[in-house]
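The first chain written gets the first letter, and so on, giving A, B, C and D; residue counts start at 1 in each chain.
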Amino acid sequence: MRLCQTLTAEDCAAQSMTYASPAKWHLAHTTWFFETFLLSGQDSGYGVFHPRFEYLFNSYYESVGAPFPRPDRGLLTRPSLDEVGQYRAHVDAAVTALLDDPGRLADELLDIALLGLHHEQQHQELLLTDIKHLFAQNPLRPAYRATKQSGSTPIRSLEWHAFDSGLVEIGHESAGFAFDNESPRHRVFLEDYALASRAIRNGEFAAFIEDGGYARRELWLAEGFAKLREGAWRAPLYWVRHDEKWWAFTLAGLRPLRMEEPVCHVSFYEADAFARWAGCRLPSEAEWENAAACTSVEGNFLEAGHFHPEAAQGGADRDGPLQLFGDVWEWTSSAYHPYPGFRIAEDALGEYNGKFMSNQMVLRGGSCVSPRSHLRATYRNFFHPDARWQFSGIRLARDH
Amino acid sequence: MRLCQTLTAEDCAAQSMTYASPAKWHLAHTTWFFETFLLSGQDSGYGVFHPRFEYLFNSYYESVGAPFPRPDRGLLTRPSLDEVGQYRAHVDAAVTALLDDPGRLADELLDIALLGLHHEQQHQELLLTDIKHLFAQNPLRPAYRATKQSGSTPIRSLEWHAFDSGLVEIGHESAGFAFDNESPRHRVFLEDYALASRAIRNGEFAAFIEDGGYARRELWLAEGFAKLREGAWRAPLYWVRHDEKWWAFTLAGLRPLRMEEPVCHVSFYEADAFARWAGCRLPSEAEWENAAACTSVEGNFLEAGHFHPEAAQGGADRDGPLQLFGDVWEWTSSAYHPYPGFRIAEDALGEYNGKFMSNQMVLRGGSCVSPRSHLRATYRNFFHPDARWQFSGIRLARDH
Amino acid sequence: MRLCQTLTAEDCAAQSMTYASPAKWHLAHTTWFFETFLLSGQDSGYGVFHPRFEYLFNSYYESVGAPFPRPDRGLLTRPSLDEVGQYRAHVDAAVTALLDDPGRLADELLDIALLGLHHEQQHQELLLTDIKHLFAQNPLRPAYRATKQSGSTPIRSLEWHAFDSGLVEIGHESAGFAFDNESPRHRVFLEDYALASRAIRNGEFAAFIEDGGYARRELWLAEGFAKLREGAWRAPLYWVRHDEKWWAFTLAGLRPLRMEEPVCHVSFYEADAFARWAGCRLPSEAEWENAAACTSVEGNFLEAGHFHPEAAQGGADRDGPLQLFGDVWEWTSSAYHPYPGFRIAEDALGEYNGKFMSNQMVLRGGSCVSPRSHLRATYRNFFHPDARWQFSGIRLARDH
Amino acid sequence: MRLCQTLTAEDCAAQSMTYASPAKWHLAHTTWFFETFLLSGQDSGYGVFHPRFEYLFNSYYESVGAPFPRPDRGLLTRPSLDEVGQYRAHVDAAVTALLDDPGRLADELLDIALLGLHHEQQHQELLLTDIKHLFAQNPLRPAYRATKQSGSTPIRSLEWHAFDSGLVEIGHESAGFAFDNESPRHRVFLEDYALASRAIRNGEFAAFIEDGGYARRELWLAEGFAKLREGAWRAPLYWVRHDEKWWAFTLAGLRPLRMEEPVCHVSFYEADAFARWAGCRLPSEAEWENAAACTSVEGNFLEAGHFHPEAAQGGADRDGPLQLFGDVWEWTSSAYHPYPGFRIAEDALGEYNGKFMSNQMVLRGGSCVSPRSHLRATYRNFFHPDARWQFSGIRLARDH
């Protein structure tokens, strides 16, 4: 709710494309998740807030019933934002009462509550990416929030961190929470490889553009080049050419592009073409996770309030790659597939991740609009290779 | 503004399809019309309210500059509804000042002001048809306004009024206001014909449905049948089958279908198929206008506050057809083409009507959401033959 | 069959777009028409050639059964062209036997046979327009047939023929054959008008292009301009820009554009925009027919073997407009609608014309690939306003 | 050329969908490959057969120039099939002369010639899959060739072959020919797994259908279920329901479905859903290759002349899985991605495989229309997960 404080009811109701949702829908859907999976199954006498909300705010859980058509979420001017706030209060109260009652709180329920919280964190990030996309369509270029922009930083040169070949383990196995798609932990053999010390900067991507990157077909996967043509891509999403300079539309409005910041809002196809142009490649998700396994989850997250990637910081003496967490999600070369031994749960929550394992690519590390506690080294995010409206950027790898 | 009193800011911002516009956009666009064509051309020192509104609220006047893309009007969460209210107040004040200053008020300006008022009346109707379409997408079935529904009426039988063949004149030529497409007045030869005494009722249309009307291809124009299939039409738009009964979604919410009311929200294709099924045909616009020429403009209009067609009333001794004005727009068999001698004006306002004279059909008479003073016997409305979201119905004709 | 003599079996099997058909399909469909409507209904013991041909070669007569999907006609590599030839011989023999047997030949059958012949003439023209479209897609630019090109002619200036206002009759009423859509003959009132003495030439259309005709939106109907953009129209179909000169693809292959020939392969939208640019308009079909009523059907038809429009010829002392028949079909300003009193026949042949009376425009006069005996002053051809692959051109009119 | 002996020129010219090509185009394109990459680069004075063929028969080698639009290949009625035969003879003669001249035959040329031969083998298979697709659209159900159908076989029960976990090597490294995408050979860690002893039979797949397999959404990947709906899939492609029995359209025409034959013409989505229904999964390509590495390439290939998968044969004492090669391509669970260390060649032939490594899945083993010498254990075929017109089937795997 705090994320919506600077938004009007009108802002919260609009949907800018099929893959984005109105902020109001995010607010209601995350509450629907608690109501449906945590409260409704109980004998506790919980009364649903509104009988039709089950239908309106289901995203894709077919086992719960056919959901309201996704492209039409922006047409739900009713319930109003106020009513959605009441819906959230109603459900929050019941959840709190449940959590406060040790007698009713079976382990299984606790697991669902935990899942509900992580699910809500995902939608916190999506709410911001979707508002950014909505505001970008508006010629008035509204700002979501004025943000503190950090001062200019000395540019860190790109260095390489080498990793030796060998059998490594990836995937989740510790006590903490993880999504189903992070399991089971399993062995993978890696050849020698090296990972870039930081994310690629706008300045480096601008050099790719100047070198004709968007016109040189040999740098692109065939389907990527077809998308480029179809969408008339000439630069990352939200870059705007004005007075012979690059500007970027941000959650703080339109501002001159800062060359030292990580490049953001590129598709997998653009990340892959850039890597080919640079004589490198993208890392596999196993290479990425192997490098990140011993790194603490620090960086530029939602809590910092920048809502925008920042230039890489960090002491010169640092051992591993910087910026693995936060700033921008990093496209990997790995298709989003089940890990060996992965099993889809048989209940409704089994629909959580598994059924999307087709035609998508894995991203790692989290972004400047991810809540910090949502992230970990084993976390697997995934989007179609042509998606650009997420805070997605580029980390290079190469054989060593 | 009064039409929006029962709507929330969220209701006023959403756009349910490309051909419909948000209520907020209607409010701003009609004001934009006055600002652009009446105020901005003057040396009067008028200051525009916002420099980007010229772009945002232009509908299709290409001579004024490329308009904001029509399908994206629902994404303009800014300016807010409040700001649009201020915009209207700002422009209204300047218009009032101009009208109050006889020295500045040339005839040409008065003509534009008058056109602006009639233009706004058109958008009053569209605002209501568009809100109805938006609310119809919402499973909560919101009501725009609770309306007084008239008591049940004895059903008037369908009678025929005969008209003799001969040379008649149609088109506008009197002193009052008319749109450019109503001129010039010209001669048309009509064969003997007869016109039905009232609009077709829901009960009659239900008989067509029960007789397999939507499945009998021989009743349909080929392109109409293709649309029927594509859209899976089984009844007029807004009819809902529930518990083996017909319901209708209205601006007062969902209610049982009243069989004595005029059928509404049918396309030209449905009107044409119904007429063929009934062994009749639709009237040409000349036949319609010839019958309406001596009829006073009385009926069920916006001002009545029903926002829904009503069963035909009227004394038994009445001479001519009833319900020619109000209740429902009546599809004619005439394509929307220029009258002989029609000239498009050379200024920006020349775009008002002429450029749409392709692939559309003429409707006559006005509806229950048309302002009464907007209508006259020569008035030509026009929509594509598959359009259903207007208050459009059926008047039968036949050779005599 | 003679029209196909220079074509290979491969040429006769391909379909270049949904609205065009393979030559083989035209050959089979016209024979199917005789088989289905003339022979199969008889007790004569006629044996169908192949039981599936009824399905394969039905065009759109739904009352006879669902037709094979139109866009897939080019996939029917079987039956082969040879088999279709045998099919034609089989049916022709049965038709001839029927026609030779006065005892069996009721008037009704004679009417169907006559309709079948006129139907076949229509497809003779379509066969050629469709082959031209097919060959135009082939970068090898194949020629259908080397044709004799007439010598260059002195260019006739454009003159105007005036017609007085008054009540005229149009439509068919004489003893000869006509299609259902030409009836009934009826009265129409015409204002004073004038008709251009000949069709518009390529040179005149090239001047429209040079004057920015395809970029000046004020000259175009809104839907026409949208089509222009969608199709990237810059000139009539089959005009090719090469070495800074215009070339035209013809049934004799690619040749330099001859400026004195009538412009051809323009849509209604282009004809309408040209007329507006020229300060004129297109004639209504009544105006056209009124002018053509006393003109004999002479001109450049299929029989001449040019397969291409020719510069207007004719004595200087001639009274009426030239080139009304032959060379190019002339777009009129009239939507294709039923004449007053038109009735669709109740049998299968009732589907012949009536169901297409929606969103199409009337063309008059016939072209250089129409058989001469197929044409008459009352003949109504019709195509969608964006169709360009027919031999369609421009005759100007204006108020007088 | 021998594959086309039973086809007419019409059969060879038609294209049934964008992804399929006319047989004539396959004939010309494979010759174009030799002409372009082997002959044209030489100083040998080779004269191209026709200057436009370079454009017409390029498939997708953008470095050689923009190719003729793929969806329009069926419109190339010229050159004729005969001319394409002459083209092939012309190029074959020049290739033979080159191969016979040791002085001119550098190693690099020999590599290209070899690649050209393997390329032609790929198109031999595609020619047959595309003809099957074309004939399937024809209601006459033409047969490509009457084939010998083997007698009925005792049905082999499905058994499991276990493989131990460990580090294995996959990919090509021996002296023989392989495509670029099979390299480099590299290490992969496999967990314990088991592979089914043979491909899934029609009878087993029919049980999946009877169990509601196509309606049970929980069995499907979300994008697979969307495709199923869009395409109204109810059974594998080419299964036809007739008289309450299943029939299959084959290259020998329509025949009753034989339950003991391997299921064929299923998409990855159907293979994946079937595996989930069976409580199993699909093998990864590494698991498959590891099992196939020691198996000789034997089975039902193109040379057998069945053009259809056959029931699994083989001695009871056999050690490994049967049918790994031939009969049907087996969908794996692996996305088609570059092997670690893969490099795209920098010349035009670098476009051969690499640029398609996006959104496709790997298939292994070859089919009943693959030439035997074209196959090997490391061979990687790839198609989009919704492709069904290839001879693609199902091999189950499971954790062990």
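By our rule, contacts are C-beta pairs under 8 Å (C-beta built on N, C-alpha and C of every residue); 3 or more make two chains touch, one makes a residue touch a chain.
Predicted model only: the values in this text are computed from it and were never measured.
For chain B, the chain whose average C-alpha position is most distant is D. As a whole-number value, the distance joining the C-alpha centres of chain A and chain C reads 58 Å. Centroids built from CA atoms put chain B at 46 Å from chain A.
Chain B and chain C, compared by their mean Cα positions, are separated by 37 Å. Counting only residues that touch two or more partner chains, chain B has none. Each chain pair that touches appears in this list: A-B, A-D, B-C, C-D. Within the complex, the chain A residues that touch chain D are 60, 62-63, 167, 186-189, 191, 217-218, 220-224, 269, 284, 333-335, 337-338, 340-341, 350-351, 355-359, 385, 399.
In the complex of the two chains, the chain B residues touching chain A come out as 8-14, 16, 52, 55-56, 68, 72, 74-81, 134, 137-140, 142.
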